[in-house]
Every structure is written in C-alpha cells, then in structure tokens.
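Here the chain labels run A, B, C and D in written order, and each chain numbers its own residues starting at 1.
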Amino acid sequence: MSAAIVFGLCGAAAAGLGLYGLIADPQPLRKIVAFNLLGSGVFMVFGVVARRGAASGFGGDPVPQALVITGVVVAFSATALAVALLLRLFQVTGSATLNTEEPAGMGTDPADA
Amino acid sequence: MIEFMTTVLGFILAMLALGLVRILRGPGDADRMMAAQLIGTGGIAALLLLGVVTAVPATVDVALTLALLATFASIAFVKKGRANAPDSTEGA
Amino acid sequence: MTVALALEMALAAVVLGVATWTIAARETFAAVVGFVTYGLMLALIWVRLDAVDVALVEAAIGGGLGGVLLLGAAARLRVTETLAATARPGATVRVGAALLSATVAAALATGVILLPDPAPTLAPAAAANATATGLGNPVTNVLMAFRAMDTMLEKVVLLLALVGVWSLAPDRLWGGYPGPRHHADPLGTLAFLARLLPPVGIVVGIYVFWTGKDHPGGAFQGGTILAAMWLLVMMAGIADAPQVSSRRLRIVLIAGPGIFLAVGLAGLAIGSAFLAYPVAYAKPLILGIEIAMTLTIAATLGLLVAGAPERSARQ
Amino acid sequence: MSVAINIITIVAITAGAFFFLAGTVGLLRFPDTLTRLHALTKADNLGLGLVVLGLLPQAGSLRGGLKLLCVWALALLAGAMVSQLIAREASGQRGDSVTGHDGPVS
C-alpha cells in the first residue's frame, strides 16, 4: 500500500514541476516538454488509483489503466501537433517565441525558398 | 534470491542516478546522448530484474520494446548533427 | 518489504531528479535528453505499479517516438534559443508560478493520501465479464469492449492531429512529402542498422500486438513499434515518406477507425447497442478491428513524427 | 542442484552489476568523449549480458529464456551501431563518409 503512496506523491510532485515549467519557461518547446511532464504526473496518480484497486486476481484496476493508455496516446498526438505548429512558426517568422512584438519576416514564406 | 536481486536492482538504479550526472554536466551533446544510452541499457537490466522481483513475467516484453527503441533518441541525435552540416541536403 | 520500499523511494527520487533537471536545464537539447530518460524510468514505475500494458506504452512512446519527435525539434530550433532565453519572465511571474505549482502539487498529494480505503474498483466487474469477449487481458477487454467508444474516439483524435499537422503545410506544398528528405550513405552504419533492425522489429511489433489478447500488449503498443521501424527506414534514407495525397496511404489511415465504426454501427443494426459485439463473434471481431487499428496507428504515428509536408508533390 | 544454479545466478549478476559500476565510473571520470564511450560500451555489452546470463537459469521456460537472449542480442546490436554513430559525431567526422572500416562490424 505504501508503495502506491510513494509513487502517488512522486506523480503529484512531477505534475507541480511540469506546471511550473509550463508557466515560467519562455521557450515554447520547453513548455511542450513541461506539459508532457505535467501529464505524466497526472497519469502516475491514475496509476496509483489503479494499483489500489487490485482485486479479482488482477494486479490493478484495468479501467484506469486503459484510461491512462488512451491518455498517453492523446497526449502524444497533441505534442506532435504542437511541435509541428512550432516548426511552422519558426519557418514563417524565423523565430520561435510566443512574443507578439516581433513582426520580422511576417507575410513572406521562407519555406517556399 | 529475491532479496539479492532487489539489492542489485537498487545498485543499478544508483548507477543510473550517477549516470544522470553526466547528462547534467555535459559538456557536449554527445556526452549527454551517451549517458542516455547507458541509462537505457541500465533501465533494460533493471526491468529484467524487476520482472523477477515482482514476479511479472510480461516485464520481459517491456525490456524487449526498450531494447528495440531505446536507441531511437540517439539516432535522432545523429541525424540532427547531419542537419546542421553545411553540405547538408536537408534542414529547414 | 522494507528493502522493496527503499527501492521504490529510490526510484521515485531518481525520477523526480530527472524531472527537475528537465525543467531547470539551461539548454533545451539537454532538457529533452533528460525527458527521454525520464520516459525510460517511468516504464520502471509502471511495472512496479503492476500496469505492464502502460509500461509498454511508456517505453514505446516516452523512450522511442517521443524522443525522436522532441530531439528533432530541439535540433531544428536551436538557433532561436539564445533569442528566446532573453524573454524570461520576471521574478513576480516566476514566484507566482512556483506558488501555484506548489499548491497544485500539494492538493494532488493530499488527494493521494486521502484516497478512500478500501479503494473503489471495477476489477471484479471486468473479471466477471471477461468470458463475454474470450480475451484474457483485462486492459484489452476494457479498451476494446467495455469502453470501446473511448478507444474509437482516441483513434479519431490521432487522425485529427495528423490532419492538423498536414494543414500546416504552405498551400504550394499541400499534398507533398512530409518532412525533410533524409540522406545517408547507403553503405554506412545507419543504413545497415535500418536494414537489420526492422525485420526483427516488425516481428516484435506483431508479437506485442498478438500477445495483447491474453497478456500485456495490444494494438497501440505493437503499432508504435511498427511506426518506429518505419521511421528508422525513413531516417536512414532507404525509403522516402509517402506523398500526403496518396490514396493508398489515406485508406490505411482511416482503416482502423473506419472498421471500428462499421462494426459499431452493425452492432446497432443487428445487436443491442452501438459497439455491441454479438457474443459468438466477439473475439474475431475484436481481433479484426485490432489488426486494422495496428496498421492505422503505425501509419499515423510515423507520419505525425515525420511532420508537415515540406516538399512539393512534383519533386 | 538448485544451489549450484543459484550460485551461478548470483555470480553472474554480481559481475554484471560490477560492469555497470565500471561503465558509470568511466562515464563520469574519464577525461574526454571517446574514452567515456569506451567505458559505456562495457556496461552496454558485458553488464547487460551478464545480468541476462544470471537470469537465464531463473527464466523457468524455454520461451522466457529465448526472450531474454533476444533482449540482449537487440541491445548489443543497437548499442554497437549507436556507439559507432555517436563516436563519429563526437570526433567531428560526418557519419556518412565512406571509410575503409565502415560497414557491418559486429
């Protein structure tokens, strides 16, 4: 039982760290990584809930486990979309900040070169 | 036997934690990738031992997946070196 | 027992150490390498939590495809790093963020400690109904039968994400080839690896998919391994990614959710409800859907990592 | 009999752990990238190999044993290739140049 608690606290801490990085880090790619960290922390808490629900000869409750698998897939596709958006932003503006006061190269498309 | 394997598992985990220091210090990207490579292999060993300790035989499948895919990060790293090369035919 | 607990605490400490490094590192590339190792360590935690299915997903995504995706992006965005670092938010924002994160983490931790005892569980229900599908892996049962709607919609999400990635192509390149064309020496080490590893990897991928009916594994885990093998072949320059406008590719991409939806609608017509399988045919139906889904997942994940079209169709 | 098997397991796994120690210490203490790589490959090949060797008698079934061997073979193959690629990257050579010693070495 205590094992589940240890990883649950670990997941909570990872979620907190991820949230901090998501807000405080100026670089979008780092924000994406931090968002994944936040997600993995929440998944870990889910895993603890699943582990505590062990019954009927199963090592854990299969429903939260299946939800985590679905969640990981969705998180990965969101990450891929975010990375693609970021790369496109870099192609169009030549920079990768979320700072709006940077009009350099707007309107042209260096990707077509 | 279980106690022995748990101890070895803890020892390998400690080695992985030490390997993290190389990721921290760098100095080059190659050094960081090497540390990641060591952590990948150590993670495979740890998984195999963990499978015996927790009596979950399917853990070997996780180790198999890791053995197959742990190198992908390193391959991406090598490709990135290529993308930055002046004679490169790729890159943005 | 105390040895095991000490081990778990050590594992949690190492994982948290990597997580902190991922956030605190100065260089983005170093942070991403940290995140890849974080994914590897997470697989260990999932095994320890007796969720081997999730451990497989984490090993395949966190250690494999996610690493390729993020490392590739970090390398391409490296030139922007010094510029972006100057946009660091002020001390107020950072202290506020730290306070907020600490509060959220503390709330989650309190939630974990106060989890009800005995824990509510659906495991007995999953065990009681396992005979209806004839599959031995409870997680596959939940994914493919008891909560099949979630899984179907998740595949649709994957597809939508891919459409989103493709839409980022400039108009001129719409329908072209995704990502840069990779070149490598055909006699070099990488090309050799890309010829040697995929046959083994394809066997492992199919094995992981097939064993998923009774043991940990399944369509997503197997499909991810297949996608990784495809990406390896692309990265070594042995084969190019297919044109986004290719009709055959698009058929593969919609095969999984399409067949899933067709079976679901048939359940509405013949059986009792949407996605209700006739008990006699449940197992072959589920396996059929899973085969189509494995192919779809492999193609979708591979293309998601390959990125938006960057070369025109005529090239 | 089982005592002998257990002794084999303990000896092999201890030796494997030693090579992980050696590899990690080398990775941390050696002066430059290529010597560190040299240390790393010892942990990759021998460390994991000896752990697998030690676990083989405990595998229980032929299938389990074969899977263990597969894990080691895959790690060996991929590790050898990637070490070579990283070494080229580190030594400043472009990995694609056709050199005399290129090709299937393992």
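Following the convention adopted for this analysis, a contact is a pair of C-beta atoms (placed from the backbone, for glycine too) under 8 Å apart; a residue touches a chain by one contact, two chains touch by 3 or more.
The structure presented is a predicted model; accordingly, all values stated were derived computationally and were not measured.
Colleague: Please indicate which chain is farthest from chain A, where distance is taken between mean Cα coordinates of the chains.
Modeller: D
Colleague: Out of C-D and B-C, which chain pair has the most contact pairs?
Modeller: When the contacts at C-D and B-C are counted, B-C has more.
Colleague: How many angstrom lie between the CA centroids of chain C and chain D, rounded to a whole number?
Modeller: Distance between chain centres: 27 Å.
Colleague: Using the average of all C-alpha atoms in each chain as its centre, how far is it in Å between chain B and chain C?
Modeller: Between these chains, centre-to-centre, one finds 18 Å.
Colleague: Rounded to the nearest whole Å, what is the centre-to-centre distance of chain A and chain D, using the mean of the C-alpha atoms as each centre?
Modeller: 32
Colleague: In chain C, what residues contact two or more other chains?
Modeller: 4, 48, 50, 65, 74, 76, 183-184, 190, 193, 197, 200, 310
Colleague: By the touch rule stated above, which residues of chain B touch at least two different other chains?
Modeller: In chain B, residues 33, 35, 56, 61, 64, 68, 70, 75, 77-78, 82, 92 touch at least two other chains, as defined above.
Colleague: What residues in chain A touch two or more of the other chains?
Modeller: If we look for residues of chain A contacting two or more partner chains, we find 59, 87, 90, 111.
Colleague: Sort out for me which residues of chain B touch chain D in the complex.
Modeller: It is residues 1, 4-5, 8, 11-12, 15, 18-19, 21-22, 28, 30-31, 33-35, 37-38, 41-42, 44-45, 48-49, 52, 57, 60-61, 63-64, 67-68, 70-71, 74-75, 77-78, 81-82, 85, 87 of chain B that touch chain D.
Colleague: Residue numbers of chain C touching chain D in their complex, please.
Modeller: Its residues touching chain D are 183-185, 187-190, 192-193, 196-197, 200.
Colleague: For a test of understanding, state which residues of chain C touch chain A in their complex under the given definition.
Modeller: Contacts found on chain C: 4-5, 8-9, 12, 15-16, 19-20, 22-23, 28, 31-32, 35, 38, 42, 45-46, 48-51, 53-54, 57-58, 61-62, 65-66, 69-70, 73-74, 76-77, 80-81, 83-85, 87-89, 93-94, 96-98, 100-102, 104-106, 108-109, 111-113, 115, 119-124, 126-128, 138-139, 141-143, 146-147, 150-151, 154, 157-158, 160-162, 164-165, 168, 170, 172-173, 218, 220, 301, 304-305, 307-308, 310.
Colleague: Touching residues of chain A toward chain C in the complex: what are they?
Modeller: 2-21, 23-30, 32-34, 36-37, 40-45, 47-63, 65-70, 72-74, 76-81, 83-88, 90, 95-97, 99, 109, 111-112
Colleague: For chain D, which residues count as touching chain B in their complex?
Modeller: Its residues touching chain B are 6, 9-10, 13-14, 16-17, 20-21, 23-25, 27-28, 33, 36-37, 40, 43-44, 47-48, 51-52, 55, 58, 60, 64, 67-68, 70-72, 74-75, 78-79, 81-83, 85-86, 88-90, 94-96.
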